[in-house]
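Below, chain A partners chain B and then partners chain C, in two separate complexes.
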Partner chain A sequence: MVLVEQQTILSKDRLSIHLHDNVKKLESIYADCADIKFRYFLIGNESKAVLIYVDGMSNVEEIDNNLLTPLMRLELEKEPDIHALIENTLTVSNIKEIQTYDDVVSEVSSGNPIILIDHQSKGISAGIPKWEKRSLQEPTTETVVRGPRDGFIETLSTNIVLLRRKIRSPKLKIKSLQIGRYSQTQVVIMYIEGIADQTLIEEVQNRLNRIDIDGILESGYIEEFIKDHPYSPFPLMLDTERPDIAAASLLEGNVVILTDGTPFALIAPTTFYSLLQSPEDYYEGFIIGTLIRWLRYVFLLVALLLPSVYVAILTYHQEMIPTTLLISVAKSREQIPFPALVEALIMEVSFEALREAGIRLPKNIGSAVSIVGALVIGQAAVSAGLVSAPMVMAVAITGIASFLIPRYSASIVLRILRFPIMFLAGTLGLVGIMLALLTIIVHMCTLRSFGVPYLQPLAPIRNSELKDSIIRAPWWSFKKRPHWTDDYNKVRQPNGQQPSPLKGKE
Partner chain B sequence: MLEQGKISPVQMALLMIPAIIATVLLLVPSITAKHAHHDLWLSPIWACGTGFFVVFLSYKLNKLFPEKTIIEYSEHALGKILGKLVGGIFLFFYFHATGIMVREYGEFVSGAALFHTPMAVIIGTMVLVCSFAVLGGLEVMGRASEIIVPVVILLYILLFILLIKDLEVKNLFPIMEKGIRPSLMGSIVPQSWYSEFILVSFLLPYVTNQKKGFKWGLIAVFIVLFLMVLTNIMALLLFGNLTSSLTYPVMVAARYISIADFLEHLESIVMAIWIAGTFIKITVFYYVLALGTAQWLKLSDYRPIVLPIGFLILLQGLWAARDLQELSHFLATSGAIYILSIQVVLPFILLLCASIRKKLGQRKGNKQNETPVNH
Partner chain C sequence: MKLRSIIENGLLRFFLICSVISLSGCWDRNEVNDLALITAAGFDMVSDEKIELSVLVFIPKGGGSSDQAMESGNGGASQTLVRSAEGKTVADAMAKLQEKLPRKIFWGHTDVFILDEELAKKGIAGHVDFIMRHPTLRERGQIFVSSQKAKKVLKLMPPLERDLSEVLKELSQHKLGLNITTKKLAQMLIGDSGDCALPWITILPPENKEKPKQTIAYITGTAIFKKDKMIGIIDDSVTRGVLWLRNEILLGVITIKPPKTDGYISVNVLQAQSKLVPKIQNGKWIITLKSVSASDIVQNTTKLDVSNPVVLKSLEPLLAKEIEKRIKKARNQVQEEMKADIFGFAEAFHRKYPDVWNKKKNRWNEIYPNVELKFDTKCHIRRQGLTS
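So, the complex of A and B:
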């Protein structure tokens, strides 16, 4: 504890006027840091100076051409003045003066080379960072047929640019902060002034400021720290790799949180329905958008309930199955030694295992696993008399249904909840399933995401927003913004934009 | 106030509708049919006056004592000791009523699906689920009702539509063969269900707009009336005079559905939607009981007593009656008088006392200040 305090006192100190002292202190701070380079040189053959940078994080070419060359060739008449150097000599656009050791450390670690000069109590930081980064690619987890193909990458500055290019208004505000005592990860909050609610922005900032952790490596860390209901399995923030989703949420008054080092942006607040929407709902026609939404809602229930309903009906409510079907189901189950619940559990667990294995394995082996899985789960298990064919079908349909949910974080919830419901179905039949559903509904009704009820606009009902949740109404009919609070920027677009032949006469 | 949340008038109506209708669907057709015979569909219409009257009573009482529930203002209206007594009577009544309700649920589920499951498990699981909602508070209940109730009502009406081809319209005639008396006699029992609308007086203080709350209370009575008439007509057109001898006519009706040899035996579906409706009903009563008890004992929060009360409800459910026959007999005979006297007569007396007190108080105030007090 004492050591930490000493360190902070040391680093808050201002730079010394003697280069010798500065170098000594910095060398002790950067002891055993092989990647930190100290380059000593003379300004105009006289004044001693040092250049400090991280190997591989700064643009060496620019250091050579725009920092070292002009400085070393400078003809000095008197003591070099920092201000004059910046104004006359250094041909770098992003440049600033620094005064404390703290500044030096933070600038160096963000890739900006530092120049310290003898007899000067200030230093110069040149903003020429450069490191290897991934090129823009289509996000593999959120693909669309029609829509932009760029995705966020691990570099924060690029991600901000991606959003700025979509929303060019100066009303798009960006607030930056650092989280993580060791990782010192840069996190930015983005919102559109005048659309996003002021209290929401403050709340997000407060919650982010409360985080005290050694390092942030993914936005998931942040999410768990600022979630409204920490024990709920439901995602209370939307995570996305797509700039278009982030931009759309900004326009609806949400706040986007970008984290350096991860392509996943967090969007708050979110509702359950936004987790069931794909960006393509908005890009293709509204009729297909609506129908696909309904398809998703139906398969949401299928993914959650199908194995349980199958178990419940086979165990308690056989009379519900039409006679001919009942006979064939009974025939296929004749050989099976397990009750329906055990059968369903075996299949579901092995399906989950297969799915997890498929994600972790290298891609070329992955296909082999899926073939083996299909054979083991499908063919062999049935012919070996371990599970019945209808059960295999039920599990397969459940699997497909869970892939229909466009957000991975939402489909995880369904996978988690499926198992307790199966147990309830095996013990209490349809009554158990109903009780489970009621519990889930009550739980979801208690949830709030940054103060917004999770099931809004259906519970509580907001009539004007129903047309973007139950259906996807045409774009020209979204006249009002969805509002999270009472006080908001209401009008999204003016009336009367519906295209019609009459418009030509205007 | 113990309840921080607020609900919208629509949410209140959506909470009230299943709070009345859920158990009606099971027992009322056969109970009314015993007196009204084939005029049973008229009985709910005669009975609905009680519903309107009770909603009106709650609204008037709420106007006199805004932001207070019936437990709190009975002390203001009747004085400390008498008020506490009346509050206690209400609470014991709701305790008993909730117990009966859970038992009805238990009897129904064990009779229709889970024949071998112990009653305590069936009731216990339901009470547990309800306690989650009650612990969530009124806002959560309101939101849950917005999700559940529309689905329940739509599925119920769908059931009716699927039955249309089996309905015999001539079972309706002759209307009022023996005059109006049988249907009036049959209306006494539905009245006891309508009288449950006094629950509005517990919810109104937490509704955002009381005037709209009153309006939506009346709309809720209308919807309940519609669903009750629909149920009774369905039972009558399907079974004729047989209705009175069936325990659960709606359940039997679901068995009649057979479309394309595929959509058949939907009684499990009926059971499922009915469970959802009953869930809201039990939750509302449970909540009123928990909140009322906390107010009666002047506790600072009602949440700590929710689970203990749930356990008592479970015991009360097991103890309420020996079997379904006894329960049904109680509801059809002395139960009606018992329920009506507490849910209609008692609030009415409260309103009378409160308004007399207020008049007296005003006159006193006038004499003292010589200026009229505006309220």
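So, the complex of A and C:
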């Protein structure tokens, strides 16, 4: 706490009129910071000045050409005036005056070189940062067949540009704040004025301002701090690497939170159904989009329940499946030494381990692991008589099903919930599965994301929004925006835009 | 502090929930490896006091890997096992049978029940009671009466199907004979007349004399029951007439001989529906069988031009005659000779004339043989086939 107080006192200190004092103070702040460069020079051979920048974060070429060269070659008639220098001499577009030490520190850490001049109580900050950054790539976790291929990167300014290029209206507003005592990470809130509810924006801002942490390295930190239900396993904010998803959410009245240093944007509020949607649902035809959505809903249940249902039926309800099926399952289970529940647990746990190993390992070794895993689990375990072939199938289908869910954060939840359900299925049979399902559904009904019920539009039911959750209706039929909180901008687009041959006569 | 209390609270709840599961759960847990899957069961009369219960148990061997399946692939000889035990009742016999089986008897997939002739003649109601009452036995299972001992039938090794239960199930699915499930049988037994009918099976003589067991049992007719006691058998062609009366006709080929030409015309019945319409007129009990059927010509050995609509139309009354002939034959044997009401006449009268029925129901045995049967048969020949 002492340190924080010191910092706040420092921030209020204005720059001294003497360059000597300023340099002394700044050198003490930047003691043992080998990457901070102090470059002393004279403006017009007379006035003392210093240029401060972080090595490798500023564009040195621009410093040389547009800051140092004009200043050092200046012919001075009188004391240099900051205002005049900015207006006449410095050929840098993004430039501003700074007045406090705190400004100096924050500008320098953002990569903006600072010029301090003797006998001036103000300094100049030139916005010419430059550092190494990753080029735009297609996000590997959210690939699409049809759709834009750019993805967010670790640099905030680039990410903002990506969104600004998609939504050019000046109504797209950006509010910036810093979080993290040491990391001083820049976080921006983006929304579209007139579509996003004002109270929602305030709420997001308030929650973000409450965060007091040493550092934010990923948007996941923020998510945990501002989540409505901190103990719920379900993600209450949507995270994405795709600018098109972020832009689409902005257009629906959501707020996008971008964090410097990570390509993952947070979108609030979100509902459970948005977590099950892929951007491609909207890019391909609506019939295909609808069918693929249904497929996803079915496999959502499969991913959650298949091993449990298999265990429950095989240990409690053998009369429920057709005779021939039971006979072939019985044949394959004849040699298996474990009860069905243990068998299922072994397979599921080793499958999860394989998957985790595959993610951690470098790509070329990762594929080797999956081959070994497939052989060990699939082939060898069956022929050794440790697990039955139908169980391998059930586990494999479950695995495929969990990959069908487009958001990784949602599919992890299903992976976790699968295990308690399996225990319930092994002890209480189908009754146990129903109990687990009821518990999950009741829990989901209690969830809210920034005031929006998690299961909206099905619970509470909103008829006009069902066309974008149960099905994916054609674009020309989306006449209203989704309704998040009380006050909202209803009309998205006018009626009667369905294309037809009659339109040509109008 | 808050987090800690939540964790402590949560742990307590977690252990409570876990203890609930382990204390109350699992009591009827059964692994498939510990179950004796019974696919068919047979009831035989041993003496006046004792019956024998035989079960067909499926042996789940040789499925695991492909090479094991190859070994047992021929003949399926090792796939099933027949075990039997005697007892005063079926339940008693089952208890004794369990002693002889290392795995728990599992009735959930029993689709076929076979009663032997002796037992059927003595009365089946008590045994059907077990099938209906036992919680794991299904009401969907099909019941047959066998001319030989049920145990002997169960021991057959069908060359084409998995086991005998599969054979009988598939055969009755053709609906060429009666198709009676436990539920239907129970309904007939508690019905107004209390008379019932069950499919009658006999063992098909094996083609290969060296392997006498490699054959099947098939439906050759219908066993007719007065109340729950078997009184006679009708053969399969008469059974067809019974099916018309019971509105259970599904498909069949009817051959007619048109007058004034040589040869026959065979038609395939595609769709048939019948309905019993009762009437009491001047104290006379009359039943009208209203039936509508549609059929296609499948063979024509005559010189008639069936593509001519007039000719086609002229065949329809002949077809109706033929159908009526079949039904009359069934009626003669069952109604007049055996005096068993397996057609549901009693129900029909009860529904239409509840008051009269309540007064006369004790005299139904006297009324029934004299109920007159009238016909209202509509036959349509829809298509004449590809060539003509």
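Basically, the second predicted complex is superposed on the first by the 498 of 506 C-alpha atoms of A that agree within 3 Å, B and C clash if a C-alpha of one lies under 4 Å from a C-alpha of the other, contacts with A are read in each partner's own complex, and residues count from 1 in each chain.
The rule is short, and it goes like this: a contact is a pair of C-beta atoms (placed from the backbone, for glycine too) under 8 Å apart; a residue touches a chain by one contact, two chains touch by 3 or more.
Computed from a predicted structure; not experimentally measured.
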On the A-aligned overlay, A:Gly385 touches which partner chain: chain B = first, chain C = second, or both, or neither? second
Considering only the touch criterion stated at the top, classify A:His443 as touching first (chain B), second (chain C), both, or neither. first
If we overlay the two complexes on their shared chain A, which of chain B and chain C does A:Leu428 touch? Say first, second, both or neither. both
Touched partner set for A:Tyr316, first chain B, second chain C, both or neither: both
Name the contact category of A:Leu375: first (chain B only), second (chain C only), both, or neither. neither
Which superposed partner A:Ala340 touches (first chain B, second chain C, both, neither): second
I'd like to know which partner A:Leu76 touches here: chain B for first, chain C for second, both or neither. neither
So the chain A residues that chain B and chain C both touch are 316, 319, 428-429, 432
Complex contact set, residues of chain C against chain A: 6, 21-22, 25-26, 28-33, 35, 37, 39, 58, 60-65, 106, 108-109, 111, 136, 138, 162
Which stretch or stretches of chain A touch chain C in the complex? 231, 314-316, 318-319, 323-324, 326-336, 339-340, 382-383, 385, 388-389, 423-424, 426-429, 432
So, in the complex, the side of chain A touching chain B is made of residues 313, 316-317, 319-320, 322, 428-435, 437-439, 441-443, 445-446, 453, 455, 458-461
Which residues of chain B touch chain A once you look at their complex with the stated criterion? 8, 10-11, 109, 113-114, 117, 122, 125-126, 129, 132-133, 136, 140-144, 146-148, 261-262, 264-266, 268, 271-272, 275-276, 279
